[in-house]
Structures are given as C-alpha cells and as structure tokens.
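Note that the chains take the letters A, B, C and D in the order they are written out, and that residue 1 is the start of every chain.
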Amino acid sequence: MTGLRRRATFALSLATGLALLTAGCGGDGDDTAGLPAEENVDEPADAGDDGDDGDEEAPDASTGDDSTVRLGILGQCEGPFGGFHEDVVGGTALAMVNHAGATVNSTTSALDGFSGAEVAGTPIELVGIGCGDDTPDRILQEVRRLVEQLDANVIIGPLSGDEGLAIAEYAKANPELTVLAGISGSQEQTLHVQAPNYFRFYGDGAIWNAGLGDILHNQEGWDTVAVIADDYSFGHTSAGGFIADFCAVGGDVTHRVFPPLGTTDYSSYIAQLPDPDEVDGYFWAVGGTGTQASLEAFVNAKGDLTGDQHAGNLFFNPDLAQALGTDIAGAYIGGFATLPGDVQTPAIEEYLASADDTWETLPGSLSGNEPAPPSVAAAFGFFYGYYTAGVALVEGLAAVDGDISDKDALHAAIGGLTLELPYGDISLDENRSGIVDVGLSQLAVNDDGEIVQETVAIVPGVDQTFGGTFSPDTPSPSRDFPECEERDLPWEGNAIPVVDGVPQQ
Amino acid sequence: MTATLQRASAGPTTRRRRAELRRLPAWAVAAAAVAAAVWVAFLADGTPAGAAVTDPGNFVVTLLDAVTFAGLLFVAASGFTLIFGLMRTVNMAHGSLFLLAAYVAIRVQEAMVGRSRNIDASDVGLLDWVVPMLVGATVAAVLGLVIQQVFLQWNEGQELRQALITLAITVVLADQMLREFGGLAGRMVWPGAVTHFFTIMGERYALTRVFMLGVAVLVGVLLWLWLNKTSLGMVIRAGVDDRQMVRGLGINIKRVFAVTFFVGSFLAGLGGVLGASFAGVAPGTDGDWLLNALVVVIIGGLGSIKGAVAGSLLYGTVVAFAPAYLPSQYSFYAIIVTFALLAMVLAVRPYGLFGRPA
Amino acid sequence: MTARRLLTRGNIGLALLVVVLLAMPNLASAFFVNFVLTQTMMLGVAAATIVFLARYGGMVSLAQFLLVGVAGFMFGNAAVEGGARGLNLGMNPWLAVVFAIVITTAVAFVLGALASRTTGLYFLMLTLVYAVIGFFVFAQIVELSGPGGITSIQRPDLMGPPVRLYYAGLVLSVLVYLGFKALGRATFGLTLQGVRDDPIRMASLGYNVPMHRTLAFTLAGFVAGLSGVLHVWWNGQIDPASIAIGPSLILLIMAVIGGISYFEGAWLGAFVYVLAFTYLRDLPLIDQIGITEARFNTVIGAVVLLIMVLSPEGLAGIAARVWRRVNKPASAAPTAPAGGPSSAA
Amino acid sequence: MTQTTPAPAVPAIADPVIQVRSVVVAFGGLLALKGIDLDVTRGERLAILGPNGAGKTTLFNVIAGDITPTDGTVAIKGRDCTFLPSRHRPRLGMARTYQKARSFDGLTIRENIYLALAGHRGRHWPLWRSPVDRRLDEEATEVAESVWLGDHLDTAAGELAHGQKRQLELGMAIATQPDVMLLDEPASGLSRGERERLVELLDSLAGEVTLLLIEHDMEVAFSLSQRVVVMADGAMVTAGTPEQIQSDPDVHEIYLGVEASS
C-alpha cells in the first residue's frame, strides 16, 4: 500500500541529494585526497591522525591563505536584540573606515558592509555577517557558517552573554581563529574559559555596576540594600557586580529576589522584598517587559519610587520604564556599556562626527530602525562595543605589521594593546577581558519636566575581578554568589565626577 | 441459579472497592488541595508570605493578586476557547493577535496623549485608554477574520491542518511585528482615574488591578449575555454542544463561524491591551500568552466558557500563591507547581474540568 | 522474506541513497558534510519520532525536542567532570550515554502516561505545554542546567573527528528509518495504528489503549534521546534556550515540510530546512525581494503556510502525488491516509 | 430476585451468561436506562427490539463495558463486571460489533482481523514480527474468507463498501471464537442478499455461542433469535418468543407503530 509513496519519496530524496551534492561541492574541482570532512574543526588540525598525505590545500583553502583577514561579524538579527543588528555591524564598519581606510558600500545601511580596508598591506575583507537570535545554539551555527563555509579567520562578536560563552568555547577549540568579542557581557567567557585567541575590549555585565556601591554607601549613606534581578545569567552577573561593589565598601545586602524569566505578574516576588522602612535602598536589574511590570508591582504594593531609595542597572531608566515618576530624580544607574551618552569631549565629538560623515542615515535600534543620523546609533554602547573590537583588530594587525601567519604573535600583540578610544582607554587583563572606564549616571528632571539620564561620574580602570571577589576559581555569579564580603577595591574613591557632561579631571 | 446469583451479588464489596479505586485520583487531588490549604493557613512559616493565620494581610493580598490576574487570564483565554468550542480550530495565532492588538493600542495611545515616553498616568484620560483598547482589539478582530476567511474557512474539519496553518501564521506575524515594532518592551498606561491605591488589612493595594478585574468581569458578563440572550449567541452555544445540530438547523453556518472568529479574535485583542497595561509586551509575549491561554483551557476544558473561568481562577491561584507560599529557598521552583496542577487535573479529568472528549 | 521481495524499487533506492551518503565525505566540502548533512541526520531522527507518533499513533507531538534536550542535558551532567556547571558526575562517556537515554526514556514514559488519555488536538496542545514547562524547569533548576547551560561537553574519543559523527548520524538514521518502517507491520505498530483509527474498538478487542499510547511515546522518547546525544556531541553545549519553544516548533515544521505521515519526510524536511537556513541568504539578489537573514522566520513561516494550504502531506506527499500521476495507468494507487492524524482527533 | 423484576415473562433460565440487574444510566439529567434487568442463558439467541432512543445501544455498551452504569450491576458468567473496563471483556469470551461499523480504516482487512486475534490472545506488545504472527495472519485469512472477504485481504478497511465493512465487523467479532457475542444492528444498511448471507453465517456459528443482538430488521431478528426483548424509552416492555412478540398487539402499537411513523 505504501510502496508507491515510498518509492516516490525516495526518488525525490535521491534527486535532491544528487542535486545538492553538486551544490555542496562548490566550485572547487581540485583533487581532494583523503576525506575533506575529516578535517577536524573542533580540535587542532595538527593534533591527530592526518597530515600524512600532505595534500596541497583542503578545499576552499579553509586553513591556508594568511594573506588576507577574512572577517566575519556576529550580530543578532532576531530575538530581543534583533533591532541592534544594523548598529553592531555599523560599529565595526566605522572602525574600518576610521582606522583602516575603508569605505562603506552603502550610505544608508551598514549591512552592505565595507570595502578597501587594509592594514600594513593586509586587506581586511568582510566575508559574512552572522545572524544570531540571542541563543548559544544559533550563534554556534552562525559562527560555523562563517568559519567553516565562508572561511573567516577573524570573528568580531557576539552580542550577548550566553552567546559569548559559547563562542569563547568555540574559539578555544579552534586556535587558528581570532575572536574579538562585541559587547557580550558574561564573565566566564574570559575569566573561566581563558581561550588565548578570544579577546574582549569591553567590560562584562558585572563591571557596568562598578562604583555604584561606593557612591551609594559612602556618599548616600546606604548601609542595607535589597536586590531584585532576573533569574538568569545576565541578571545574576549584573546583580553580582553590584553586590561585589556594595559589600566591598562595607554595605550589606539583606535580600536577594530573583523572579524567573517569563514572569508576568511580579506581585508575588515584590512581596518578598522588604518594605521601604526596612532597608536603605533597592537595586533593580530586571529587563525586558519585566522592567516595567516589576517596578509597577512595586509601586502597587510598597509605594512610590523615590530617587533616594532606588538604584538599578541599565534597564532602570525612563526609556524603558514608564513607572518611574518624577520622584525618581536622584536615583543612580549603573554604567551601560561604559558609554556615558551625554558626556562631550573633543574625542567623542570627533568620533560621532566621523559616523555622520560615513553614512547619511542608519536605521539603528534607538531610532526604531527608521533612518536616523548615524551618530544616534554611534553614541550607544552596542555600536561602540563593536567599534572597539574593530579598532583592536586594526591596531593588532598594525602591531604585527600585517603578518597574520603567526597566530601566536598576532594574539600576543592584540593582548598587549592599549586602545585610546573616545570614551576612555581600554587595555586587557591577563584573561583578555577589558579594563575599562565605567560611567555612572543619575536620573534627573530636565527643563521640560521629563526624566532623563545624566552622567555623574566616571570610574576609571575597572577590571572584572572586583578586587578578588571574582577569579578563575570562583563559580559564576548565581543566586547566592557572590557572598557579601568587605574587601579593597582599586577604584574605591577614584570616581571622577562629571558635571553637565564635562569630566572634572 | 441461586448460587450464581449469590456469586454475582457477592459483588458489592468488590464493587465498592473498585469504585473507590477508580476515584483514587480524585481523592488524591482532594487531599492535595486540603494539604495545600492547611499549609497556607497554618504551616507556611519560613515562606516569603508566612502562614495565613499569623499574617492575614499577606494572604488577602495574595488572594487578590490571584483573582485579579485570573481576570486577565480569563479575557485572554475566553476567545481561544470560544473559537475552539464552536469550530474545533486550535487558533495558534491567538497569542499573535494578543500582541498585535497591544502594539496597535500602544501606538494609538501615544498618538492620543501626544508623546511616546514618560507618559504619566495623570496625562491619560479614560478615553485615552478605552479608545486605543477598542482600536487595538478591532484590528486584531479584523485580522482574525481575514485569517479565518482566507485560510480556515475552506478546510473546516481538518483540525490538525488548521492548527498548523495558524502556527505558520504565528511565525510570520511574530517576525513581521519584530520588524515593525522593534524588540524593546512597550506598555499601555492605565488611565489616571484608576491609578490609585487603597489599604486592605494594613496592606497597600492598587486600584488598577481591581479595575482590570472589573473589565474582565464586564467582558465575561457581556459574553454571557451575548451567548445566552441573543439568537446568534444561542446558535453558537448550541453549536458548541452539538455541531451537527446547528448544521441541521439550516442556519448560515459560514456567517456564524465568521462572527465567532471575529469575536474570539476581538477577545484576544482585549486581552492583549489589558496585558499591555498590566505587564507590558515585547517579542515573545505572544508565545507566553498562547501558553497561558492553553494552560487555562487545558485545565478548564476546551470549548467551555465555564471552564475558562475555572481554569483562570485555578491557574491564577497557583501563579500567585506558589512563589509566596513555597519555602523561601524553593520559591525559584514555583513554575514547576504549574506543572503539578496540570498533572493533577489531567489525572482526574483528561479533558479538563468542564471539557468533553471531542 | 525472499530475496525477490527485498529487491523492490524502494529498497534499491534506499540502498543507492545510503551508498551516496556514505560517499559524501569524499564528494562534498567538509562544511557540507559536517554541518549540513550531520544536522540533517540528527534532526531527521528527531523529526522521525514526530512522524512515528503522528502516523502510527495519531498523536502530533511538540514535546520531541524537549526530549532531545533532556538527553543532551543528562549527557552533559553525567559526562562533564570538574566544570563549573551542572552536576559534574564525571562518568565514562559511554556510561553517560546510557544514563542519558535511560533518564530520557523514563521522562518520556511519565509525560506519555499523563497525556495518554488525550488525543488529537488536545495532545498537540498538551505537548506544547510540556515543551514550554520543560524549558522553565531547566531554566529554574540550575543544578541540572548550569546555571546558564552546560558547556565544554566533549564527545567520546571514538567520535572525535567530525566525520565520524556524520557516519554515526547516518547509521542511526538508517536504523531508525528501517526500524520504524518495520515496526509498522509488527504487532506493536499495528496495535498502535488500531489505537489511532479507533481507540474504543481497540479497547473492546482487549487492548489497553492508554498503555499503548504511553509506550509509543516512550519509544519515541528513546529515539529522540539518541538524537539528543548526537546533537549534544555535535554542538558541545546545551542550555535552556536550546529547548525553548522555538526549536520545538522548528522540529515540527521540519516534519510538516517533509510530510508528517511519511518517514522519508522527516529527513527530507530536516534537509530542506537546514539547506534553506544555510544557503538561502547566499542566493544572489535574494535580499532584493525583501528576504534577508533577518526575515528568515517569515520565509519559513510562509513556506509552511504554503505547504499546509496546498498539500498538507508536505514535500513527500507532493512527490508521491507526482509519482502517482506519472504511473497512473500502472495502478489505481490507494489514497494516502491524508492528514491521517487529524482524522483520529 | 426475578420476582422483583418489573419486566414480565422472563422465563426462569439455567446457567446465565449475562446478568443485568437494575441497571440505570443517566447522561446528565437524562435517564437513558431506567432500571433494566436481563438474564441471558448460555447458548441463547436473544434479540432486543425497540424504537430509536429506546436505550438498546446504551444497554449494549453497559454489557460490553464501554459505559459504567450509574447504578445497578452487570455480571458475566457469574463474575461481577460492573466496573471492569471493556478491554477485559475479550478474556471472558465476549466480542461485540458496533452499530456504526468501527473498523481500523488505515489498516488492511487482514490486519484488522489480526488485531482482533492478537487482542484476544494478549499478544499486544512485540516490536517485531515472528512466526506467531504468520500463524495469526493465516488464521485471519481464514476468518476473512469465512465472511466472504477473502478477495480483499490487502484492501484498506477505509475503502470497503458499507456491506463489506459490516462483514469485516462480524469477522472481527467471530475471529476470537467468543462464546458471547453482542451484535449491534448487524444487518443495517445491507442489501437483501447480504442479509440472507448474514443470517446464514450467524446460523452456522456453533450452537453454544450466546448471541445478543439489536436489530431493526424484524425479519432478521425473528429468524435468528429464540427470544425477543422489546425496549422502549429506557425500560423493558415485554419479552417472549418471536411468535409471541409478532402477535403481541402492544408491541405492534409501541414499537411497530412508532417505527412506521418515524
């Protein structure tokens, strides 16, 4: 009964199989001795059972040809950060324009890439843009596509924390590859994985709250605080940074509440927080729809949000939370991607102007993916993080004089860089994670009566260990780690105040 | 013959035992319910909320949370169950309609208030909330009707095919909404008139939540009146009970189906606007609310409005009570209690509390 | 079975296809084999469990990818040693495989038993709820899932070179395909089809209908678990997002594209999906018509919509129809149990 | 106990195979059966007559275990089976057919009958075929031939004509060689010739088979049965030999009259 169907479908499968076989082979008609598929992409190619037949080049020259940097960028075109795809690609493209003499292929979209980038005689060619969706599985597929199919030898990205961990592991298994993380914020990708070819010229999610504890405890007089954060790695990391900072300077965290992702009604979790007269303040790290819903649940159950009792990470800002009434003026917000958006220095102005010179418009996320002046996107951390990675690639190449055949030398050169960038210098620690300047801001009421975010301090030289709270031997930040311990922070008391957008050096 | 008869009538003891055995799941559920009630009332020390007898304020607030959230669940699930009841169509696009209505309403409200951020509740008049709600729900209803007319009307009865068609539509709609409305969370602002607080048992409570419950009750009452007091409604109700009969009555079934889909989608849209006011919306909210609607109707029974009420109340109760009354170190596992609820209901009534086999 | 009966055109076709696939590592690029084909094999096996349940049991399951994930998590917990994530049981990798499969099968048994008295659409929705709750369970019980996933999962040394993983997937695929096919004529397969067509009649013939459904789901879970182990070997990591609702839907979409009542359709659907995912954006000028990688979901959704509107039997069904038309004079082919599962609702 | 039975003229019988006592079935508020008592003796051939909605099929479903009665008991071969699920009936030697033919449409005729055989023998789980299956297939072939379906062994049941479906239904019932058979309108929708064949087939069954049959067709019912029970409106009205029933004016009024007008 089913015989006919079976035969037919076999015929079809067979036909497609054969058709694709040709497609899969691509254009290379050279002799392919041995099994190309044996090529061990998960382990060093030289560690194993091959190498005996000495075939010229594997198909598509996937291992050789070190005369060109074939760059792949990992963005996110789907998922919660899908709107930032244009931004992040734009960041790297601008770095190529400003530092490697490239020109962009389109003046209205960054996704069309750039051409003509060259450093010390070595061209940088954009081979592909990976399209993540905020999940590690997807970004692994994308990076494999870029590396194994399109032969990328340098990767810039990814964007989010869990993706970063997966890509760092991938980099570790593929030592020939060079990866410069975008703004991926998980701690472990550098602190624990320690892949020698994985660099992040940027802070992690914990760093962004560095210095907040110093201000709140020593300046505002908070001794006790309750923390509420998303119950997943980014929430844990963000809360962990704040807890490490606040406790290090002598404060105490009395409550930690972690509402699960996907919570719609936060009231049961808000009920677990102490009442306003029981603690000095609250720290918020709830993102997505939860930002609004959790703050509103707080207002419903505990009372209005006031500036002297609340602080938060990047999500705690008036663009994301309507529930923040004008009483919130005075509340502190952790740095976001080290970008104090309202600070104006000559270097920053020059950087923003260069973006406006490069494109006519960019449909970045901040403008709702509608065409807008490129400086809007460039002044935001997502764009900037990919910019720093691009600059690092250019300067690393310059340091080895364009010779990328010796990966160890290239990686050593990149690891030793100190980048002089518009929003502050960035160097790397021994785990190749950025030591950066963190900008802290405060909410204020502007002349129109609207709540806006103003930079009030820049905390220089923040590294990811928080004076030893986090180390390669400690677990990842979690519901109960880090514990609340007093310790010395290198940046305690070093915050540079910012008044009206001007750092008071 | 007497001998055999005696053997047969020796049955009663066996019979009673069998009958009890059969009711065993029901007993287990009853026991679990009683245990949970006793736990909440007396034993729940060391939980975030504390035992109800020692901390009645927390209990009352949790109860209010449960009931008000159940109101939102009901609005979101009623349209789903209505459509299924009459047409046996599992409308997987229900969550998409929910989200679309929310996005549209947010846009309309922003336009009416005249600003897109920092909207204060005091800026929002009742009309600034009601009009966007009706516009959003109508857009969802029209889209629902289009989906029904174009994709579902001609393949009626092919239930799986319809479910997969609406699933595919969901995938497309989610992607297009991401493109159109971006990835950031959006929110409706409650009208200033209801943004107040009152005190109950010494605890502060928000009027907006009670208002939300009021809207839900109003929707429920209107739905009931429509289904029970209008001729069209009675046809639909009869159709839920016996689909063959409606066909036999010589009614224009196509029109009835179209109206039902319109109303069901409208209800999804109302739910979306309420949800956007209550908790905000973002990409992924569609899936969350499809899930919420599914859980409600699986508990309550597909196709039953009564079941939607019961399912909403039960599910809302679990959502509110589990994090508050699980021992503090276990409150992370509140979501698993939802699964336990589902398992218990399915063990006793595989087709839900008020459901019948298809 | 006589040799002559073995020499059907279908079997010859299968043999040919297998030969071609065995030779693929010599013919195609490494990426095509290690990425496209290996994924096709793994996902095809998982999708075949959907087809198995739908075709024989009338149950369309959205929980199969959850079971793939359970196996992956369990393997990760069992095999990883000294990492910062998961249980770190540090078992021998092969023992870990056994452990993962046993747990997955047990989970499938429990889930199947809970769902065993429901059919049709109820089953579809219940398994959708399973998939979502499964995600939350792993997201919340961080002892099992990380926190944030289990990484650095190594495959056994025997499976070291990626091409061996491909062969493992191919062998498993052939076994699963033949096994499921043969099962359709064996007692359990026949009883299951009886349950699909008329559960009440089956009960009056003396069969324990819920138990049959439960065991079918358990068997499907066992096979999905095998696919899950391969998958985690291939991917090297697993996290809660791996088993979120998205991947579960994609697996169902693969089965639907291929044809949910054809076993061939499982692999065909997986192949077409992976192919489209990998190469569609490389087509010249494809972005000119509004199809960029960012809108991939719209394309996939539209394709599924088109298939469900035109031919609910998927690509395999279309192929069968074409074949029938070509061979029309030869035989009045019986109509396929079109949308068979839906008729059991 | 027979004394309390409201239904008159139930002859005292020896060796009862089916004993139904005060069975009540309520669907919501509707009483489908209002206290039925019935004894069927071994080897007896009993026909149940009655207009639509009389509760015949409900009574069948209670005896077959598809419905658990709201009140009352059912005993089969002296064993209380009131709460015994239907799937345990075949082991007691019982088989039934359904009013609306319930065959497995996706399977062939041979496979349909195979399932009846395998279900009866408790062979439910094997994952591969074995010589046992070949024997069962042969048996199934024989059964199919006995119900004149030998030419259609590999035809899917879903493609059978209505009459053939009824033949298959019957084949599945007799395949297990039951000693109690419940046949729900076996002749409905059959042509005259098919009816004659059906009667012939049922007549040919071994004498000790107890036959319980619902039938609309008087001719078939009277030619097959030794005793006839008439039901109306969920209750038993009268019982007797076919001759008695045929000449009973009450029956003509409540049953035949009603049927003629409907």
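By definition in this document, a residue touches a chain if its C-beta (ideal position, glycine included) is under 8 Å from a C-beta of that chain, and two chains touch if they have at least 3 such contacts.
Just so it is clear, the model here is predicted, and its values are computed rather than measured.
**Student:** Hey, which chain is the most central one here, using CA centres?
**Tutor:** Per-chain C-alpha centroids ranked by distance to the global centroid put C first.
**Student:** Which pairing of chains gives the most C-beta pairs in contact?
**Tutor:** Looking at every pair of chains, the most contacts join A-C.
**Student:** Once you find the CA centre of chain B and the CA centre of chain C, what distance in Å lies between them?
**Tutor:** Comparing mean C-alpha positions, chain C is 31 Å from chain B.
**Student:** Please report how many Å separate the Cα centroid of chain A from that of chain D, as a whole number.
**Tutor:** 73
**Student:** CA centre of chain C versus CA centre of chain D: separation in Å?
**Tutor:** Using C-alpha averages as centres, the distance is 43 Å.
**Student:** If a residue has to touch 2 or more other chains to count, which residues of chain D qualify?
**Tutor:** Residues 156.
**Student:** If a residue has to touch 2 or more other chains to count, which residues of chain C qualify?
**Tutor:** 136, 140, 294, 297, 334, in rising order.
**Student:** Going by the contact rule already set, what residues in chain A reach two or more other chains?
**Tutor:** Correct list: 1, 78, 82, 231, 260, 262, 479.
**Student:** Quick check: in the complex, which residue numbers of chain C touch chain A?
**Tutor:** So the residues of chain C in touch with chain A come to 8-10, 13-14, 16-17, 20-21, 24-36, 84-85, 136, 139-140, 142, 146-149, 151-152, 160-163, 166, 235-239, 241-242, 244, 246-247, 259, 262, 264-265, 267-268, 271-272, 275, 277-279, 281, 292-294, 296-297, 315-316, 319-320, 322-324, 327, 331, 333-334, 336.
**Student:** For chain C, which residues are in contact with chain B within the complex?
**Tutor:** 60, 114-115, 117-122, 124-126, 128-129, 132-133, 136-137, 140-141, 245, 249, 252-253, 256, 294-295, 297-298, 300-302, 304-305, 308-309, 312, 339, 341-342, 345
**Student:** Hey, which residues of chain B end up touching chain C in the complex?
**Tutor:** 84, 88, 90, 151, 158-161, 163-165, 167-172, 174-176, 179, 287, 291, 294-295, 297-298, 302, 332-333, 335-336, 338-339, 342-343, 346-347, 350-351, 358
**Student:** Given the complex with chain A, which residues does chain B contribute to the contact?
**Tutor:** It is residues 48-49, 58, 61-62, 65, 69, 117-120, 175, 178-179, 182-185, 187, 189, 197, 203-206, 208-209, 275, 278-285, 288, 292, 319-324, 328, 331-332, 334-335 of chain B that touch chain A.
**Student:** Name, in rising order, each residue of chain A that touches chain B in their complex.
**Tutor:** Interface residues on chain A, with respect to chain B: 78-84, 231, 258-260, 262, 264-269, 271-272, 288-289, 291-293, 299-303, 318-320, 322, 325, 365, 368-369, 450-451, 479.
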